[in-house]
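Across the two complexes that follow, subunit A remains constant while its partner is subunit B and subsequently subunit C.
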Partner chain A sequence: MTAFRKILIQISRNTVLGILPLLVGILVALAAILLILNNENVELRAVYDLIYERTLSLPENRANVVDFWLPILLCCCGLLLTFTAGLWNIGIEGQITMGAVGATSIALFVELPRNEQIFTELFMAGAAGGTWALFTGIMRTRGGVNEIFGGVAMNFLASSFSSYLLVAPWSPPNATGSATVRFPANAILPSMDDYRLSPITIYITLTAFIFVLLTLSGSRWGLQLRAMGKNEKSAQMLGVPTERNIWLAMLICGIMAGLAGGHLVLFRRANLPANVSGGIGFLSLLVVLLASIRVRWVPFVSFAFALLYSAGLPLRTRLQLDASLIGIFLGILVFCVLIFDGVRQRLKERVEQRKLLAASGGEKSPPPSTVEIQIGQEASSGSGSN
Partner chain B sequence: MDPVLTSTLADIVRNAAPLLIASQGELITERAGVVNLSLDGTILLAAMAAFAVTYNTGSLGMGIVVAMLIGMLVALIVISASVFLKLNQIAVGFVLTLLCADLSTFFGRKYSGQQGTEIPYAPIPILEDIPVIGEVFFQHNILIYFSLLLVIFIWLWTYHTRLGLSLRGLGEHPAAAYVRGTRVQAWRFVYVAAGGALVGLAGATYSLSVKLGWREGSTLGNGWIALAIVIFGGWRPFRIAFGAYFIVGLRALALYFQQEDVLNLPIQIINMTPWVLMLVTLIFVTSGLAESLLVLVPPRWRPAAQNLLRAKPPAALGSNFERS
Partner chain C sequence: MRLEIHNISKSFGQLKANDHISFTFEGGRIYAILGENGAGKSTLMKILSGYQSATSGQIIIDGKPAQINSPHHAIAHGIGMLYQDPLDFAPLTVLENYIEGKPFNFFMRRREAEADLLARCKILGFSLNPNAMVESLTVGERQQLEIVRLLSLGVRILILDEPTTGISAEQKSQLFQTLKNLAREQNMIVILVSHKLADVEELCEEVLVLRRGRLVGHRLLPCETDILVEMMFGKRISTTTPQPLYTDKPILKIHKLSVPARLFTIQNLDLEVREGEVIGLAGLDGSGQVEFMRTVAGLGRPTWADQLTAIIALAGMWWVFGKILDESSAVLNLARIAILILVLGPMLKTLYSYIRQRANNDQDAQIMLNGKSIGWRGYRDLLERGIAYLAAGRLEEGLVAGLTLVDHSALADRSSLPHVNWLQAWRRTKQAITDFSIKGQPFSQIQTLSGGNQQRVSLSLLPTNLRLILLENPTRGLDVESAGHIWSLLLNRRKQGTAIIFSSPDLDEIIDYSDRILVFSSGQTTLVENPEQMTTARLGELIGGKS
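Here is the complex of A and B:
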């Protein structure tokens, strides 16, 4: 067998083994959904047809899916940086909300020429999201508050603040506090001629993705983030400025989340509604988990998630199924992928151990001793702890 | 004492019960060295299941048992994934919390807004007649009494029994515990299952006692609060109990201000206060700021104050243990 063929076989084996957990995850998630649908007396085919009809059948529906996908991808780009650094930025929902609030503050109360208006709105969106994330980062490094709990608290604070704005200062006359007035036309992001898509958001998302791709795959900073993700304390001992990197990663992630929030209010809604983020931050966290921090997979996985999520509402209206069914499917999918990827890793380890044993002539391993295996970042920095 | 204040204190004791039970459950889980991040979703699912089972069978006991089993199952998934597959506990817990929340929404939609059964009121004879204390502590139902006794039981177990010592060993230094003859993995499973069952019970306490009935997302956020209270409480049963009462007390205060029009602030702003105070307190306790202020305490009281303010997590929290 030539060396080339050996390499080809190895590559295809690795690809198959890499994709296998995803395939098994999809199958298990489908089986679970099938069981649920059977219980509800709804056929899978009917759900599939509805999803297809509402997402891919017509150009405007496809544009709607892309419009839903862009802010998710933007959030994923930010999360890739924080995840690589071993930071669980659960506060991303709050960062999206604050970005939306920041953009709204300009859209409602400032009047500038079109280009300056849009630029200022987006600047405020990014600044508000970034500042919100930076707070969490500072609390983590200076206050000793784990980013998970800091982030959760910041989510609740952002949500309460946005609700307050909607019922008090920004509430339209005789309104129930569910949304602000519609923004003036000058404040809304321009759309493409043929499809309802924002070219500005497309450019921003594309730039963000390329930036993250290059940062993580070929930059010194990306390498530092990776080192921190493996073991923050060791990275610090080796001279990596961990505090600065945590702040920077959180700030950039917050800016991207804020811009996603800005897109939601400046284009998708044209006003600030209650619960503006609508769970896309958590959805992005699932995407990044599913893609196991592989940058190249993220656009495809996030598109698939966006496609399914944008079909959620018709499920309720047409089939009397709750939109949470999509969440269940995605939850089971991500859970199964995590589990089967774990199984694959353990099997791989076992095969390697056997090979080592065979190579050493079947000698037994040294006498038992106790070792502690630190799992992920939380072990080194004390996850759920401070 | 002012009857309004007495009844407010009794409300705080009642409303804090689920948070107290969930945070004590998470306490023993984390003391065993495992982080179960799925609390928020588990409480939702358990609350829905407890209500649904009670609604369909008419049996409160069955509803509570099912809720506890759900909590136990979710917790066992987290630890099994960590022990057998070496998966990140945070990742698994996070996915499970979202999944459980969606499951509660989907399966609970039939029960939303339905009238259900309530855990019967069971004042304790004689004790209920004690002025103030009787009304605050002894005029509730059995789950509320359980929440009070649980704190004392976990404190006694953790600090005054041999098994409690081994529990602390699991979280602090599992290798040393193993060398001392403790079956680390087996005991971790036991404690995580027990902690999960308590989290499930917290869900049942919501839907059958505190927030009667089921509504989509009715307990949303309380799991995260329970997790934060464990840190706030420095992984100690009584401080955690104080944290739970403190948070619920702040909520009651916010409601009181709103009803009495004392501060004339919108409810949304008042709702932010517990989170701001919790963050400030967490920063104060965990950043070492509190300890640096100990110089102001007379030397005689310093060790006690230091012990009170200590908020160090179990050293092996979130790590897996393996013999090789």
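Here is the complex of A and C:
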């Protein structure tokens, strides 16, 4: 067999193992959704038309989807770093919230020339999100607190702190504590002329994505994170500064999440509402997991989710579907993709295990004509002597 | 009792791990299976004990063909295997482990099981406390528990994989006596898989030798050791006693160090290690050898900075959670308290271990490298200063499964460049493959290499300018040839003045390679200055506490 043919077979095997289970998962999910829609007497064609019409047909709708997509992608970029290092940064919701709080603190109480104002707001957003994540990292390395528990605790703290601010010091006069006042125009991120999109957020997200892509594909730090994700103890024994890397990965993830939070309050809402993140942190966790922590898949998976979320509201109102059905559809999709991703992992493990066993099982046996040196009594067909 | 294997073959792709192996094992006899690493011994034993199924061939027990597809099936056919690291449940008691794997009953029937356990222990001459936690037992006691458990399940064919690793000479002779009794009195078949020819010669009556998956020899014992070695490797292996290369210059001074270990706390340890010296650490498993080396290497000991951070974070969290507890919602408060406990628990645990460690150590306790105190520094810092540590679990704590040899080379490189120079890493790997005789390719994933080759990779990754190498069981699971090669690589390091401290359960290895031996016994240490005058029996006595 030629080397070229071998490579082709390997590529096709990897492709089949990598993509086929995912496609099957999506197909199974679509079939299940179709069944539910059929039960609700809704035509699939009508659903498709509506999704297309409200998301991709008009430039404004497309811009709306992108606006929803950018903060998710930004969070995903941060999570790619922490997940690669084996850190389950569940606390990303809190980091988004604190980023939003940080940006709000400048937007409401500081008045600067426009450029400096925007820069300071974004700086505060990143710093607040980063610091919040760094706390979790420090608790992990110095206090022995698992980042999942630390993250959940920090989420609780962030949400409580934000609620406290909305109820007491930042509450507008005669308001119920559900949001701050609208920020002054000077404090809001500039928008594109034609579409409601923030060019600053686009630049930030693009930079973040390229940074993560380069870091994880070719840098020394990326290799160190990869090693830590596979085995932190061994990485430490090889001289990798594991503690510093944990702090740094958490800090950068927190900064990106904080900037995403900043975008939500400085552009989409123009004020700080209660539950500002709206679950995009958890959604980003899901996206990165569904993309199996692969950088190149993340933009596509996150865009698909942005699309579905953007279409959710019109689907409910126009087709008069029950509000919970949209959640159910998303749940089915995630569930099926995760199940078939599990199948994919299992298939991959099996292939790797076979390779491993083949490598450790013994050396290639010599051809039958080779005469073995036999010392002692008759071998091979010998029997226990009694 | 009669076990026949006919034409057992096992292939992994194009590779044949077992190639048409046929043999008949008779009841009442003890057999040894010998072979170098990768000879196919483990595969054959896994097939017999149900962990793997054969590609072709037949197993016949007492004249009846047996289909063995799982360990459960194997036990049902009376075949049980005792592993080098017994497959027990450390956090459970001896009795609970004994009950595990028994035919299912909803209730455990503890009293019945305890009486059964004690009766069996009495017959075999074992002394096991049913209520003791398994984690507090020595490896020898865990093996005894596993033997009793397997026998209670009706095992008539007992396979033992390296059973003498990690047990004392006294425990070994007790184990061997038990196995001889089982074979003779109960007509059982005992099969020993071992690299240690001395054990094979002491215990077994017949020996089978595998090479490249084939059965290449069968001998009755006793027979000359050289013949067995030649059958295993196809050539004669010469062993040479290393010449001492140490100078009088001390590189490491340890003063009044206390180290908490699993079984005992080592108190006030004093030791001076000289340049180029090899010090072997002997003792029962859990007596503190590993903990001592890890302490010197800066591993696993909390630093003052850890504690300061923990205390500040702890106080901060306590204050903040106190503020946010919501009086109106009991459920929410419960959830918050649960999280608080999950967060504070590990912090308190870390704090406790730090206080315990500091309380155990004298104020004057000191570790000095080249005349300078290394204080309470971490491993990475000490690696920069010339101390390296290689753990016994190569893939657990040393190498990263899933990464290639080139990846490892790139990781171990101390370059300050932000990007990886893959070409240079590849060249370094190629060089290491040649220099260290590694059987593998630069892009082979590390876990696909044999244990010996993994150890060679570990050694190749160590910085060149080391002052001290600490090794935990450096030749674990390696055959004579691989072990010899690893030692030749290590001993070469002495030429640059590097000192070596190693622990091993193999007393012969300790005596052969050490310039001095530090014996750990019941929390006390004894330094043996002249290992050349030491015998394994005497060393075993020292480990057992006889002065």
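Here, the second predicted complex is superposed on the first by the 306 of 386 C-alpha atoms of A that agree within 3 Å, B and C clash if a C-alpha of one lies under 4 Å from a C-alpha of the other, contacts with A are read in each partner's own complex, and residues count from 1 in each chain.
Keep in mind that, in the parts below, a residue touches a chain if its C-beta (ideal position, glycine included) is under 8 Å from a C-beta of that chain, and two chains touch if they have at least 3 such contacts.
Fair warning: this is a prediction, and the values are worked out from it, not measured in the lab.
When the two complexes are overlaid on their common chain A, residue A:E53 makes contact with neither subunit B nor subunit C.
In the overlay built on the shared chain, the residue A:V145 is in contact with subunit B and with subunit C. When the two complexes are overlaid on their common chain A, residue A:W221 makes contact with subunit C while staying clear of subunit B.
In the superposed model, A:K230 makes contact with subunit C only, not with subunit B. In the superposed model, A:F282 makes contact with subunit B only, not with subunit C.
When both complexes are overlaid on chain A, the residue A:L338 reaches subunit B alone and has no touch with subunit C. On subunit A, the surface patch touched by subunit B in one complex and by subunit C in the other comprises residues 139, 142-146, 149-150, 152-153, 156-157, 160, 164, 365, 372-376, 378-379, 382-386. Taken in their complex, subunit A has these residues touching subunit C: 135, 138-139, 142-146, 149-150, 152-153, 156-157, 160, 164, 218-221, 223-224, 226-227, 230-231, 233-241, 243, 354-366, 372-386. Put simply, subunit A touches subunit B in their complex at residues 36, 88, 90, 139, 142-146, 148-150, 152-153, 156-157, 160-161, 163-164, 167-168, 282, 285-286, 289, 322, 324-325, 327-328, 331-332, 334-335, 338-339, 342-343, 345-346, 365, 368-376, 378-379, 382-386. Across the complex, subunit B meets subunit A through its residues 30, 35, 37, 81-82, 84-92, 94-96, 98-99, 101-103, 105-106, 109, 174-175, 178-179, 221, 224, 227-228, 230-231, 266, 268-269, 271-272, 275-276, 278-279, 282-283, 286-288, 311, 313-314, 316-324.
The touching residues of subunit C, counted against subunit A in their complex, run 10, 12-26, 29, 31, 38-40, 43, 206, 208-209, 211-220, 223, 227, 230-231, 234, 305-306, 309-310, 313-314, 317, 320, 324, 336, 339-340, 342-343, 346-347, 349-350, 378-380, 383, 389-391, 395-403, 407-408, 410-412, 414-415, 417-420, 444, 447-450, 461.
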